[in-house]
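Labels run A, B and C following the written order; every chain starts at residue 1.
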Amino acid sequence: MAPGPRPLRCTSKDTPVTAKKTTKSKKTTKPPGSDTPHALLYGDLWDYAPAPESTGHTRFEKKYGHFIGGEFVAGKDHFKSINPATEEPIAEFASADAAMVDKAVKAARKAHKVWGKMRGSERAKYLFRIARMIQERSRELAVLESMDGGKPIRESRDVDIPLVAAHFFHYAGWADKLEYAFPGARVSSVGVAGQIIPWNFPLLMAAWKIAPALATGNTVVLKPAETTPLTAMKLAEIIAEAGLPPGVVNIVNGAGKTGAAIVDHPDIDKIAFTGSTDVGKIIQRAIAGTGKRLTLELGGKGANIIFADAAIDQAVEGIINGIFFNQGHVCCAGSRLLVQESVHDEVVAKLKLRIESLIVGDPLDKNTDIGAINSKEQLGRIKALVDAGASEGATMHQSSCALPDRGYFFRPTFFTGVSQSHRIAQEEIFGPVLSVLTFRTPDEAVAKANNTPYGLSAGVWTDKGSRLFEMAGALRAGVIWGNTFNKFDPTSPFGGYKESGFGREGGRQGLLPYLEVR
Amino acid sequence: MGNDYVPPRVPTIDEVGATERAKRFSSRSLKKSSKVAGLKLIASMVDLTTLEGADTPGKVETLCQKARQPDLQAPDVPSVGAVCVYPPMVPIAKRCLEGSGIKIAAVATYFPSGQADLDHRLVEVRETVKAGADEIDMVINRGDFLSGRYGRVFDEVEAVKEACGSARLKVILETGELKTYDNVRLASQIAIDAGADFIKTSTGKVQPAATMPVTLVMLETIRDHYLKTGKMVGMKPAGGIRTAKLALRYLAMVKEVLGDAWLSNEWFRFGASSLLNDLLMQLAKERSGNYQSSRYFTLG
Amino acid sequence: MSKETTSRINVLKTYKLYIGGAFPRTESGRYDRQTNAKGDLVANICRASRKDFRNAMVAARKAQRGWAARSAFNRSQILYRMAEMLESRSATFERALEDAAGYKKKDAAAEVATAIDRLVWYAGWCDKFTQLFGNTNPVASAHFNFTFPEAMGVVTVLAPKSAPLLGLISTFAPVIVGGNSTIVVVDNDAPTIAIELAEVLATSDLPGGVVNILTGRRDELTPHIGSHMDLDAIFAVGSDKDEERALSIAATESIKRTKFIDDRSASEWRDADAQSPYMILPFIEFKTAWHPIGGVAGGGGAY
């Protein structure tokens, strides 16, 4: 593998500097009480050396087909998956056509006869085994996830992969306890589930889809996103090594056409999709009247609401984590910041400082905070919306950091002076771009936060318990983070209101999409 | 003034959020050149400390020798920032450190409890400065703070600052007794407002002593005060920082919260005793490639 | 005397729509004839239009937040009150089922009794389903995390064709238990019974707009129901493939939730399995909330 670009320092050129750089500086440069703005210098006096995670221990093929009926099968119409940090291809993946999808569905149908009848305690052991094998190979999986998708290794190592294993572990335990999940009801598996997942959390989304489906006795045909198929193929390898009965999990590669073939397949009982609201609507329309069950986890434009009494420094971290986690490629990102007017200037000043200390660069460097934008197309979309924000009159603030000279990167960015009607306040940008709006009263905060067709997530920062509960009730979103943001756990149901989709993933409620409940 | 004192308004702190943020610095990977540079910088920031009932002139002399030249095999390792002793040992330290540029810090004000009349404590400070201390490490009266008599805490620090004259004042909050980060933030601000040149976590006599999150809260207080007033205040975590690895994490935290201006022993110190030898061992490891043994490093 | 009585002209009742707690005529001025088994005219019944649906939608939206914000105990009492009111008028409904829907006396009595009992049953769920469906979640970090059901919003119920009283109650009761408001579209052979029921609702402390009843033709209204951007969900009973497909396609415009179930015969609506807390489930949203819990679990020390 070619090494990725070096992480680059955010050395500010246009920020006024008052603190001296040298260790010899004796006196402060400004007398107390001076109203001159004082700035901090995040320079290179003592710098972090490159700390690249090694890629030597990873194994993967140059060319992948599909995983059907427990075997890797060759395919055709190969496309390349690109490392977004280097713009170099990683491996080639086949595109499944309708015939290939049919083969996968047939394998899943056949396997359902075995898997659907298997004792829950046996299904559980397979899932536990997969969880353990993921833990054993977590380092390799983290590296591959960062190479293929561009996310910083710190996140794939500390967040994505541990959650993948935990998700399998959690649902493994459900497999033989389903009769206790919904008192008074009889439950049974749905059958064959077609699952289509996005590129922002490739392996984690696979786990969110596969683990509950298998725990409840379904078999699956899963399609990873065409820009991030690598770790799904590694998961197929683990599934084969775990000895899962052939056909219980089938993974087909491809882009939209392959997805459509899954959606349209007459012998699929249920579709689970995570992705954009536009595609979600196409899927909902496509299966209308077929009797197929559907769950959708779609876009969002999450409001992150900061009250004046909030723990400001933790709130600022919450804002940073809310919008820059995974380069902002997060459907539940806190992409709309609603700040109470009385603390607007303070919060904005802190944000300006904070984005200067974010390290943007090589996803495989262990010190990188913000990695590469997932694809050239996505980078283009982000740039177009940022241009729209600027031309609509909002004020842009960007980190002064240099960007690597190759790969798809974007500086951490936020806009102030944004109004509710601006495109950047309405449309999902899916990148490291935050829109800052203000409010005066709790009512106004709720009204603005809910003034969107989306309803996936919201954050509330306040030190007042009663207000937090009031807000949590009034916000129309499936996940409410109080004094925290972007937290995930396999026991915690996740999913949206309104146009952010329906159905929940995680916890007991996450079983429902895959069960007939009578 | 005590009765009319209005405590400063400080932001509330969410403990879980502060802990999470502090943890982030622990995941910084510091290798090779940045590790070596960091370790040397840390060595120069050490307040090499002995604060025991059993301290003797001999012990202090040995410590001062170690402070001047921490590693005989490695002359490129800088001398430490200061030697920190009890007041009676100041004359001995002064003699041993003559011409070295190493500061003499003394813990005055009835360290570590602070339980004495203010007048007595001021006398001790004046005497200690007169004896040659460059820096005074005082303790606040936690009883006053915890009972809400913030005005007395302010007055006390202000009076000690005045008694210090030209000596720099480090104010120990004894965060392990303040218990909550909200208290730490408020105590930090009161100390700064009353004239502290440094704020310091702990005496080392109470557990827990310095931690990453508590240091973060204090660094953020310093940062906000600087941004508001332009006045720089120093920071000294003390107690519990025994390894080079942990010290590097603190250094990363200073770098990312306060920036370059604080990356010097003028504004940041580690209150520690056993840390220095671990720094030397890690530096030796970087030079030689071999993992080290303490038998090759002199006691402080 | 008796001769005079028998020759008295009956006062015929005008049946109107039920929207926002009031009984307006359809704004379209159109009507359908409802006849009994013998072919006699029972009533001219309003044939609701898209504009009536729009008005009902506005009323339902307006009422929904207040309904959901009431205490569960209060909602429970109101549903129970509906049962009380129905019980006191059970003879009227039995006669209506016989006269207008051609029920045998025994069946009419059974349907009314079951309808009352079903309301009582669902009344009891108001302050229990959140405990059945919600839970705290033992997340691996220092956070308190819990999931609880919330009302979805406004749900349109396309009511069963059969069981003109019990079918209605069996379908809208679980919807309003969850804090939703509803627009019930009635297209059956005895829609007067639905309006009779509306009169019970109007005198049961149920806030106006929580349940709205439109009589009319499903095929006429469904396109406007499916495409109304402010509607949150559709609960359709007995849709044929074409209707299901049309509603499902229209629903995609705003990602509405849809729930389709088969109709039952009148006697099957009386079966025990026609009521279930899991009928509440399709019309609630799960909300999950997180909050840090001090430093105890995360810090390990005194901090």
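Here is the rule we go by: contacts are C-beta pairs under 8 Å (C-beta built on N, C-alpha and C of every residue); 3 or more make two chains touch, one makes a residue touch a chain.
Just so you know, these numbers come straight off a predicted model, no measurement behind them.
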Determine, using the mean of C-alpha atoms as each chain's centre, which chain is farthest from chain B. C
Check: interface with higher C-beta contact count, B-C vs A-B, is A-B
Most central chain by CA mean? A
For chain A paired with chain B, centre-to-centre distance based on mean C-alpha positions, whole Å: 41
So how far apart, in whole Å, are chain B and chain C when each is placed at the average of its C-alpha atoms? 69
Junction residues of chain A, two or more chains touched: 483-484
For chain C, give me the residues that contact two or more of the other chains. 141, 143, 292
Mark out which residues of chain B touch at least two other chains, giving numbers and ranges. 14, 16-17, 20
Under the definition above, what is the set of chain B residues touching chain A in their complex? 11-14, 16-18, 20-21, 27-35, 37-38, 41, 220, 223, 226-232, 251-252, 255-256, 258-261, 263-266
Where on chain C does chain B make contact in their complex? 141-143, 292-295, 298-299, 301-303
Please name which positions on chain B make contact with chain C in the complex. 14-17, 19-20, 175-176, 179, 181, 207-208, 211, 213-214
Quick check on the complex: what are the chain C residues that touch chain A? 132-133, 135, 137-141, 143, 145, 147, 150, 232, 241-242, 244-246, 248-249, 251-255, 257, 273, 276-278, 281, 285-292
Contacting residues of chain A [partner chain B, same complex]: 18-26, 28-34, 36-49, 51, 154, 158, 309-314, 317-318, 349, 357, 366-367, 463, 483-484
